[in-house]
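The structure that follows is given in the form of structure tokens.
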């Protein structure tokens, strides 16, 4: 087991380097000159050169890469070109909002998928099962920005049940914060909900068909006991993998959701920064997302392997 | 996270394909799997709409008509008009071209490159395999949409770059599928035997490896296309895909969302429903194919 | 099991993050409960007190041009107190006028800092920190007499030395954004504690118009030196203005508190400002801003999307005001040798063919005015009868193009990416130009990239770029049409225009100056066009009906010192 972990971690290192390289190259390739964004309405060439020097953009690329990497390792991601704020601060300020949204979405999605998925597996082909399957397919196929806009239109603007966007910090106005959380959380939860529901259902079905479950039933244990006692626990393994991965991918899902709902999170910062050619911010966010995604995946894989030695180490459903 | 991320595995033995003529087999297959038929019909319908779009549009989707702007749906304009006076339904129909071509081309890119890399990595092994899989792992380290956005932003907001970006994001799934297949078959006796006779590597690849993985590839392709269409819509929504005046579903939603607060919903509804329909049909087809082609797969992710 | 651990970790981690963020991003939150929505009911008892109370020091002041307090605004007997929340289109980037380059910054600057001079609602220059000024006969020096009753928020006195320090800082600091504006200035001399002399390199009439804005804003030296590198975000107690900056949380809110020692007064002599607190909330989405004002979470905003204007006029709880502004929209051609628009008759053809009225009516829903040049309706030199292209003339354009004899005209139009509005304008233009057989290809690019291409004079056809506007026609025009100037991205060069623009800068007589400006405009708009202007923008204020005392100014900036809220 330890050997497995060590091997995984060792293999991760070159991958991590490749990731940083990819990010650096991609961001630098982008057309547009960040110096001009920084300069606003300024045109004087001398001034522009000065700005270029102060941003460190006059060095050769490999030097820039090494410098960036070195500083990033210490947590210094430079300053935003658009707002001149230290990037680390900018991300930290917004991380809370994204985590709040992501957590709400994951909780929502997990709870609903567990309940509905279980019922759907137990009562196969009942109307619940059919509706659930329909939602599964539909949820995965509906673009989340469209769903978000529909929710805003119906619940935010037409019915005026929830504010159509914006954010107030929880510490300042808990009710207002939660009110504004509802629609984006539902939007974000929907896609993963669909996938989770299907996973719960199918793995539960798998387990229920297993011999030992049938034996338990034959022995006369009440169905509920059987399920709770054995089937669910084992069926949950692949489900939890999925949930774990989704927690890691929260930033990606939040990208569009935060943009539509004007939720001041990291996802929205990423979208704004990409549009504004804000290299330092984009690099930092993509780096942090990718690395945390990698770490989460590793974590999940290790636990998965530890808990169920039957699963081979090499594959791993993804 | 289905679609690109989900990897289907497990082959069907080659021997099963025997000597039944293709048409007969196809007919039999479709009759036994009606969902595939349904899914297939809808997909074909969408493709036809995309191909014949210019002939199908009731109005010119690109011409600006200031006098007709922002009209609600009516008998003349089933989905109303947008702020430039263009018929929304016509734009949706023409938009199918962009979405479907991006979807299909990017999946083709992913398929060709992914399978090639997978074959090379699996077959050649050693340092090639090591390097290739590290690169694949690096690609998989990024959340899919984030990677697509980054690549498109890097190359420039253009429909071609969106295709490349989504294609790149799709590659890992095919690589893993193919490589797993290669690894499992490579050491089988009949392959060793074939090699002993002196058969070339290409022959082994084409006659033994590819046919075994083709089922999974087909399923994956359908699901990938669904993801690709969704990704294209997302990219366009963020302004990174096709550029105006070319109609594109995601972009049209982006441009019309500001009118929602004025209760002008039809400009977003048309393209949104179109995206939903297209993605749904490819997902449906993919699921149906998976159930049909490999019962073993039904139980896994 | 794993599920519990995963969730536990996530929950703990999120909880920790939330706590950290909450504490980190709102340093003063516990101490100052910011009132975002319902301001405290203004205590009526303070109203009469506010009217009659006046510090003895103020009463003794010589009534320097009473316009110093810009009298026309505060309603007599207006109640004092309360909090107003202002929804601004973007967060303030730089609180220091030295490096500030963004328009949004000025919305905060005007409340915190005073300038040497300011404008009234019609755009006329009025005394402010300078009570009066005198230009030397040769035009190369201007002497300002400063107010003597002014102190900075941190207690340091405002005097001639402070003025010199400020102006020198703007002129001489390496990366100062005010260098270009103050280039005509040679030196600032201290005559006595309340008199300064500006020495110019050559006569420069628009000097005051520059000193109205950031180049003339007075900042406390003590505060700047204490703030160091962080001053740009933490410019607390650094101005002399009606409000003091007390809190600035990035992308969240900015708190401005009333300066009880401000020198300004209402028409009836009562002390200003009236409102206790102004909270600025940056909200980038026009829709969300509007919703906030409608629901009462904010009470005022100054940028209403044209599509929403008709709707807000019908809201009984809101008051909408609008006056012509000084911003303009234009199409910038590349007239450098080797590019399509080298022959400037093509520019004229485009200018003839487009339908400006249709743009204003259809795209801007009637908001704004048709514009042909760079002298805006609120400028003194504006000529309402100057209508060189009153009706679109596609036939005339076709003839002109035929005259050039190089075949049909087609070019690429670069538009700022990610803004559906800009694309809409471009699409309309495309359709209009088609009627004159001119075909354009719309290409979206990042704004910064377009600027880069413009600076390098490397864009192939035209760009669609506007200007936020300045209150004097000079900064609104000169640098765009004079040979070799930094904003002259079209490489336009016309010696007569060069001479006229240089002369008008030095001309002291307003009537003569007006003549020169108009003469030049006739050339660079109609006879030998530099670019294609199509619209002048507006200055708007949308406020809750509880707010009174505010009127829009041509530069779009709100003067909160006159506001009062019920």
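Just so it is clear, A, B and C label the chains in written order, and each chain counts residues from 1 on its own.
As a working rule, a residue touches a chain if its C-beta (ideal position, glycine included) is under 8 Å from a C-beta of that chain, and two chains touch if they have at least 3 such contacts.
Fair warning: this is a prediction, and the values are worked out from it, not measured in the lab.
A comparison of C-alpha centroids places A closest to the centre of the full protein.
The chain pair with more C-beta contacts between its two chains, of A-B and B-C, is A-B.
The greatest centre-to-centre distance from chain A, using averaged C-alpha positions, is reached by C. Inter-chain spacing, taken between the CA centroids of chain A and chain C, is 40 Å.
Taking each chain's centre as the mean of its C-alpha atoms, chain A lies 22 Å from chain B.
Note on chain placement: the centre of chain B and the centre of chain C lie 48 Å apart, centres being C-alpha means. In chain A, the residues touching two or more other chains are 31, 164, 275. Residue positions 287, 291, 417-418 of chain C each touch two or more of the other chains.
Chain contacts: chain B has residues 239, 260-261 touching two or more partner chains.
Contact residues on chain A toward chain B in their complex (touch as defined above): 11, 14-16, 18-19, 22-23, 25-27, 29-31, 137-138, 140-143, 145-146, 149-150, 152-153, 157-158, 164, 192, 195, 198-199, 202, 205-206, 238, 242, 245-246, 248-249, 251-253, 255-256, 259-260, 270-271, 274-275, 282, 286, 289-291, 293-294, 297, 315, 317-318.
Residues 286-287, 290-291, 305, 307-308, 311, 358, 362, 417-418, 420, 423-424, 426-428, 430-431, 442-444 of chain C are the ones that touch chain B when the two sit in their complex.
Every residue of chain B that touches chain C in the complex is listed here, in rising order: 63-64, 66, 69, 83-84, 157, 239, 243-245, 254-256, 258-262. Residue ranges on chain C touching chain A, taken from their complex, read 1-3, 5-6, 10-11, 13-14, 17-18, 20-22, 24-26, 29, 34, 36, 91, 93-94, 101-102, 174-175, 177, 179-180, 232-233, 250-252, 283-285, 287-288, 291-292, 295, 417-418, 445-449, 451-452, 455, 468, 486-487. The touching residues of chain B, when paired with chain A in their complex, are 1-3, 5-7, 9, 134-135, 137-146, 149-151, 153-156, 180, 226, 230, 233-234, 237-239, 250, 253, 257, 260-261, 263, 265, 268, 272, 275-276, 279-280, 283-284, 287, 298-301.
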